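One structure, pasted below without further comment.
Letters A, B, C, D, E and F name the chains as they come in the text, with residue numbers starting at 1 for each one.
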Amino acid sequence: MKKGIGHAAIGDAIDSFMLIKDATKGVASNGKPFLTLILRDATGEIDAKLWDATQEDEAVFVPEQIVKLTGEVSQFRGKAQLKINSVRPAQPTDGVRVSDFVEKAPVDQKVLSEKLTEIIFEMENPVLQRMVRAFIKKYQEALLTYPAAAKNHHEYVSGLAHHIVSMVAIAREMSNLYPELNKDLLYAGIILHDLGKLKELSGVVTTSYTVEGKLLGHIPMMVEEIGLMARELQIEGEEVRVLQHLVLSHHGKPEWGSPTPPLIREAEVLHLIDMMDAKLNMLNRALDKVKPGEFTERMFAMDNRAFYKPMFEES
Amino acid sequence: MKKGIGHAAIGDAIDSFMLIKDATKGVASNGKPFLTLILRDATGEIDAKLWDATQEDEAVFVPEQIVKLTGEVSQFRGKAQLKINSVRPAQPTDGVRVSDFVEKAPVDQKVLSEKLTEIIFEMENPVLQRMVRAFIKKYQEALLTYPAAAKNHHEYVSGLAHHIVSMVAIAREMSNLYPELNKDLLYAGIILHDLGKLKELSGVVTTSYTVEGKLLGHIPMMVEEIGLMARELQIEGEEVRVLQHLVLSHHGKPEWGSPTPPLIREAEVLHLIDMMDAKLNMLNRALDKVKPGEFTERMFAMDNRAFYKPMFEES
Amino acid sequence: MKKGIGHAAIGDAIDSFMLIKDATKGVASNGKPFLTLILRDATGEIDAKLWDATQEDEAVFVPEQIVKLTGEVSQFRGKAQLKINSVRPAQPTDGVRVSDFVEKAPVDQKVLSEKLTEIIFEMENPVLQRMVRAFIKKYQEALLTYPAAAKNHHEYVSGLAHHIVSMVAIAREMSNLYPELNKDLLYAGIILHDLGKLKELSGVVTTSYTVEGKLLGHIPMMVEEIGLMARELQIEGEEVRVLQHLVLSHHGKPEWGSPTPPLIREAEVLHLIDMMDAKLNMLNRALDKVKPGEFTERMFAMDNRAFYKPMFEES
Amino acid sequence: MKKGIGHAAIGDAIDSFMLIKDATKGVASNGKPFLTLILRDATGEIDAKLWDATQEDEAVFVPEQIVKLTGEVSQFRGKAQLKINSVRPAQPTDGVRVSDFVEKAPVDQKVLSEKLTEIIFEMENPVLQRMVRAFIKKYQEALLTYPAAAKNHHEYVSGLAHHIVSMVAIAREMSNLYPELNKDLLYAGIILHDLGKLKELSGVVTTSYTVEGKLLGHIPMMVEEIGLMARELQIEGEEVRVLQHLVLSHHGKPEWGSPTPPLIREAEVLHLIDMMDAKLNMLNRALDKVKPGEFTERMFAMDNRAFYKPMFEES
Amino acid sequence: MKKGIGHAAIGDAIDSFMLIKDATKGVASNGKPFLTLILRDATGEIDAKLWDATQEDEAVFVPEQIVKLTGEVSQFRGKAQLKINSVRPAQPTDGVRVSDFVEKAPVDQKVLSEKLTEIIFEMENPVLQRMVRAFIKKYQEALLTYPAAAKNHHEYVSGLAHHIVSMVAIAREMSNLYPELNKDLLYAGIILHDLGKLKELSGVVTTSYTVEGKLLGHIPMMVEEIGLMARELQIEGEEVRVLQHLVLSHHGKPEWGSPTPPLIREAEVLHLIDMMDAKLNMLNRALDKVKPGEFTERMFAMDNRAFYKPMFEES
Amino acid sequence: MKKGIGHAAIGDAIDSFMLIKDATKGVASNGKPFLTLILRDATGEIDAKLWDATQEDEAVFVPEQIVKLTGEVSQFRGKAQLKINSVRPAQPTDGVRVSDFVEKAPVDQKVLSEKLTEIIFEMENPVLQRMVRAFIKKYQEALLTYPAAAKNHHEYVSGLAHHIVSMVAIAREMSNLYPELNKDLLYAGIILHDLGKLKELSGVVTTSYTVEGKLLGHIPMMVEEIGLMARELQIEGEEVRVLQHLVLSHHGKPEWGSPTPPLIREAEVLHLIDMMDAKLNMLNRALDKVKPGEFTERMFAMDNRAFYKPMFEES
């Protein structure tokens, strides 16, 4: 059996370390305070109630704290819930770190970093290459650790870099099949399209939206960044406006966040590849959790569909 | 009777100077070439056909050329068309200029310029005031001559400045009625909200969209401009992001071109005042052309409605 | 600190009189009955549970009963809930009245009444003035006490009159800025536009919808009322149909309840001013509850947006 | 071969009387005036051009004038057009009347009138019966001659009465199949539902919309009429509000003109029967014009569908 | 008072047999397991909690088990809930059967079967008649027992046959009123239109969707079945394609599940009759539960409307 | 300069063979008949008028006739039109064939046929392979010549096979990048997804819709075909239903023609690859006609967008 809370079934006994993602105080019908905890490890999340919580409990069991738990997986309103038998904060001697409890891309950061470097070497248009190189240098640290989104797809450590590298792989093959495509432009668009998320999202672990992220959104912020970077590098030429267009239009439609729809071939292809990779990332992870003959849970970002894994699939 | 082609009725004789806005060559059913002209003066436009056009005619009757015409207003497919009796290019001795044939704001440029200056003096927040002052200085020339749009509302010389000054007048009264409003922020938003049109539109007289205007649109371009200007002026602080938000959200909804809807009180009010002034500009000009008891033509930008002028209105 | 339940924070001790707005019986998991109470004072509402409720409790703690409570504000499912320590019905000697516990317009009824009178004096068109005067006379009592809506905006005692007076103030300024507007028609439309709510809504304190309100709605009912009143006053002339049109179209679109959209200039302006005043009423009240740097709760009637109060606002 | 312009094919010679429905003056490319005529008989319409029209022609060939024509059916831009060989105004001695050239209901007016009387006798609820009787009396003349609409369905003389009588026949059978239905209420709703069209439409022959029809629409006008009639007859009781609801909601949805959707069983059934009869009227008339194995023209009011007549239908 | 759980009010004592429709295990806040039961009899359903459930309870109280209960109807979160005093599994000696606890069509199966036979005898087109006869023979058993849907309308035993027979009754009358209708085609379409549900739905009692039902839906499955049956019966001719079209288009619009909308008169009428019968079935059953002057609960399949029963209706 | 009518500019002289695609008779304003011809060669289409057409002309110049023309490209209402100087029907001795005048896929039929065979050899699942092999055998002839659509994308001879082969190439690379994909299922879905068009479309050269195509559409027809083929080959197993699902869902949404959306991973990917290849086919062909710095015409099937070719593209 696969280990970790993401693979636990109703009735399983639990004896492991987990990270507190969220903790909220409530008052039970007997008038006593309790804590609602959201706990996670690298494989998933589960809710838990800590009944009769003391003031000390409230002070200790806070977000980003690692805890050692024993208990049993039960069910509450059709959803798994951990029934806690014992719980204590982790000690330095336990040898556990926050980074052990967060999901990570299935490809190593170092590999992702090397692949990004390779892509730059493949590019021939000097303007586009300089632009991309400058951004990778500026955001190197964050680019290799940020998720690609707060939820839905690639929502794990290094998710953004994983998404980029995966999209470039599709783009490379598409450029071979359709030689009319401007490969350099497509690569540049893919690498820059979501970099605005480094300002829109609050961080790597408990990711939320920043105030400027809510007021402006990652797309207009990145369009602006490209303008500022071009001025800094003293780059002129239509490549700058075209790159801004690729970023601006990559959600495909105004109602999806792109005030201008794709009006350049590579902008349209960037939008399609983005959708393709995001959807496959979601589908593969959801189908990985079910057996042949079963349906996944409804997936909000897939128009609320539940997907079926055929019987003739190898499980 | 009011003078000018915008007030002419079917059957009227015409003997005046007009500006060629557009000229297209065609071939008639008798095999002979003809020119389709769009002619305009300061009050409006009319179509005309120049039959049996010679090669010389083609060379002479081109856009932005002023001509002296005689003819009669007839009707073709339910639309007024000028039947040309005679036509010749204007001579220097005629003493006519292109600027005589374009529609202008009902308020003088000088007055608009003074009013903009007054507004700046009314502002108290130093960051917002510096920002606005810098943009007015940078774009002074264009700001005082550009239309506010290529069609629909304030689509005349100085239309943009007229729209701004008119919106500020509403904002001033709204701020008196609702003292919670931040007047400086609202003023700054109003002055900057459409400045991106100076890059989106091609010019003052025969206004079309630039390539960068089509690829990016005036809203994202102005968000970027604010960022560049803030860096240039070394301005920091939330005012910059908030001003960008006001510009970004002023169309109200993603499907209307604002990827982020208004999330700040003054952004919502800016959107409402913009709509109010644009709609009244369109309505007043359309209703000015009909008599009490009549309906206007259908107005595309007013959801294709035809408006009624009540019988008890003074005509 | 501002007083009243609308300003209470989690953990605050409560010792005050409140009005029961709603009371529902339930059965707890221990098999014993309890009461779910919705309590309010002039500043807001809060939920509370009365555990182990006796039959006498059920008889005493009913809607529109004032009670004296002590307790503490706690949290249940992310929402504030009052934990009751003690509760008793108010006595005559307590000197409290129902009207102390409902929210009221920030402007006094007497002032609102005077302002309505002033407006009538400003009107010059005798037909419109007679019509408006007759309606104000007919509904004087209710017009000065009803809310403008059951929820969302101006949902307090005298809310309707407050909304009208506030809209007229905007209309007065708009008429100065755009002299083409027929001020009398606009005033008449504003005063009558929502009077149908006096039949659509059940009353001032615990406002719900009447059966005829549900079957017809305030807009068609008011259109009919204008027709009946015109017959009664033996008024003829286009003013009647035009006034009916202003009322009929003031929601702007069929899907918002106006089967005919505005087709007269003042109808369009009435719709815009109605939206402007309703939105500012909602925004000002919601932003009044948050500090600079914070977002409001999501507002259903503002397309579910949460609004931000900038840091540079005075709190 | 069926006679009449509605059955004519390209190439057919024409020698008959027709009614001018519309006449517009134009100027041909040779500079000479011409008239565009829309001609009709009881079976349909056709366009025609009268070239080289004299001023006398303009004075004579006007709407509602009957003319004697010879010519040939030709084609212009894919649409039939009558090529006129000769044309003269009809003389009193020709013995033709306007009523010969308009389409009429397939059931005689006298029969329709009798059927309406029968329906009243079937009704048992005295309030509903009195109401219906009063309206039939008030509008007897117009009710028996008006079309049910300006276009699309039952758009012929007596179309409204034909539509009512046909709907009542369906309602009678539905009441037998579903005895829960209140037959009297359903009958009353059917008879009154479109009476507002008598004020919304300009008349029987060349039907357009009145100003009050455009500003208010037949639905709110009829809701008001019911209120006025009830006051006149001193009728009280829920029947009045319920009847108003049936009229108000009979278009089914706000975006189709009913600000309130059906909330009473008979209101829903009225809406469904109205749709059923209108659609069958359109379908039967369109399919009557095509042969088995063919498609009809696209029908705007049927979501632009073209309908197929199966091969195994008897033609 | 009507008997059965569908007619029970808050506070009623219960002492009767019921069928367990669903049973789910949960853990209470005291850490002890409980069962959430959905119980039903022929008149409706109710939720119940069985506290402190033993392992034996879990094994005994499972779906499709009949139980003998005593208890009281209480309220939980605004919804009726049965408070269980005692419960035991039914014994053979109790003389109760599962079929006693499911809702059935108000018309007897034998009558429905005879009516289907009569319909076939009414048909004259031999191709359509053979087709229909073959399908009735193939699915006789299921056709007489299946519901017409898993929820919303005719969701009871024999619901499908009841729906068909009721629709044919409407069709018969419509064919009399509109003789242009091809009665045989309409009958055939009605009988076949929902037969795909026999494969889409899992069965008669606890109805859910089959995997092939979810992947294909009853409409495409039935189109295929008609093709297979035609091949089997060696039937050729346009009737087959036309019948497939009627089935394919009977939901009326792509967004309602018909990729092709009705393009044949009888297809349109089939769609309208289907809607008419389904809506009346829902309305009659919902209104049967309320008194004059009351509104029904909101009905999801009726656009979430609550319907009103007028005061002048006999209760 | 590239040859062929698709590359001709206004003013070019024409002296070549062309195919008549459509011919309509009209009557000119001088009363004489003329023919409107749509002419095409392998590169595109152009309109032309043949004035003063004799009855012989009408008999000779009919669709699918090849003609020899001289003339000049002129402009009519902003669209190119061929001014005919001389025209005669082609003679056998001219050595021209219809197939010379239709657009063909850029890949040879023989190559496409070989590639289809290769794909079958790549497949490993015997059920899917047998199914695909049977269909390729059944439709070999048509499959290699039909267009993929009547207009928009791959609307040329062998367009369907070209589309399939191109989609499989993408699928092959996607399967390498995402090994979770079931390659055989994806290949089978791609090959079968549009085969219903062989019945929906009328033929290769002047492609229109068949009656069964209009009544059912290619998607339900192909779902049925798969069922019939499975029965013929006596294939059972979930592969059949899953293949039907892939075909049924490949348009992605009900409003685009798929009553069931993709619910299987490979169904989603099939939909995405179909869109990707169709869009690139349209974009590449439209952009091939414009120079760097220009926009294409508006493309209906690309949401009416006009695409821009950047200046830094090699033309």
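Assume a residue touches a chain if its C-beta (ideal position, glycine included) is under 8 Å from a C-beta of that chain, and two chains touch if they have at least 3 such contacts.
Note that the structure is a prediction, hence the values are computed from the model and not measured.
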Fill in the blank from the handout: Chains in contact with chain A and also with chain B, listed by label, are C, F
Practice task
Moving only to chains each one touches, count the minimum steps from chain A until you reach chain E.
Solution key: 1
Handout entry: Chain pair with the higher count of C-beta pairs in contact (A-C, C-D)
Key = C-D
Handout entry: Where chain B and chain C are represented by their mean Cα positions, the distance between them in whole Å
Key = 40
Exercise for the section: Could you grab the centroid distance between chain B and chain D? Build each centroid from C-alpha atoms only and quote it in angstrom. Expected result: 44
Problem - CA centroid of chain B to CA centroid of chain E, Å - result: 61
Practice task
Would you mind listing the residues of chain C that make contact with two or more other chains?
Solution key: 29, 211, 214-215, 242, 263-264, 295, 308
Fill in the blank from the handout: Each pair of chains that touches is included here, namely A-B, A-C, A-E, A-F, B-C, B-D, B-F, C-D, C-E, D-E, D-F, E-F
Fill in the blank from the handout: Per the touch rule, the chain A residues reaching chain F in their complex are 125, 166, 169-170, 173-174, 177-178, 180, 182, 185, 237-239, 242, 261-265, 268-269, 272, 275-276, 279-280, 283-284, 287-288, 295, 302-303, 305-313
Handout entry: Parts of chain D lying in touch with chain F, wherever the complex brings them together
Key = 28-29, 49, 51, 74-78, 81, 83, 293, 295, 308
Practice task
Name, in rising order, each residue of chain D that touches chain C in their complex.
Solution key: 211-212, 214-217, 219-220, 223-224, 227-228, 231, 241-242, 244-245, 248, 254-260, 263-264
Problem - Sites on chain B touched by chain F in the complex - result: 24-27, 29, 31, 211, 214-215
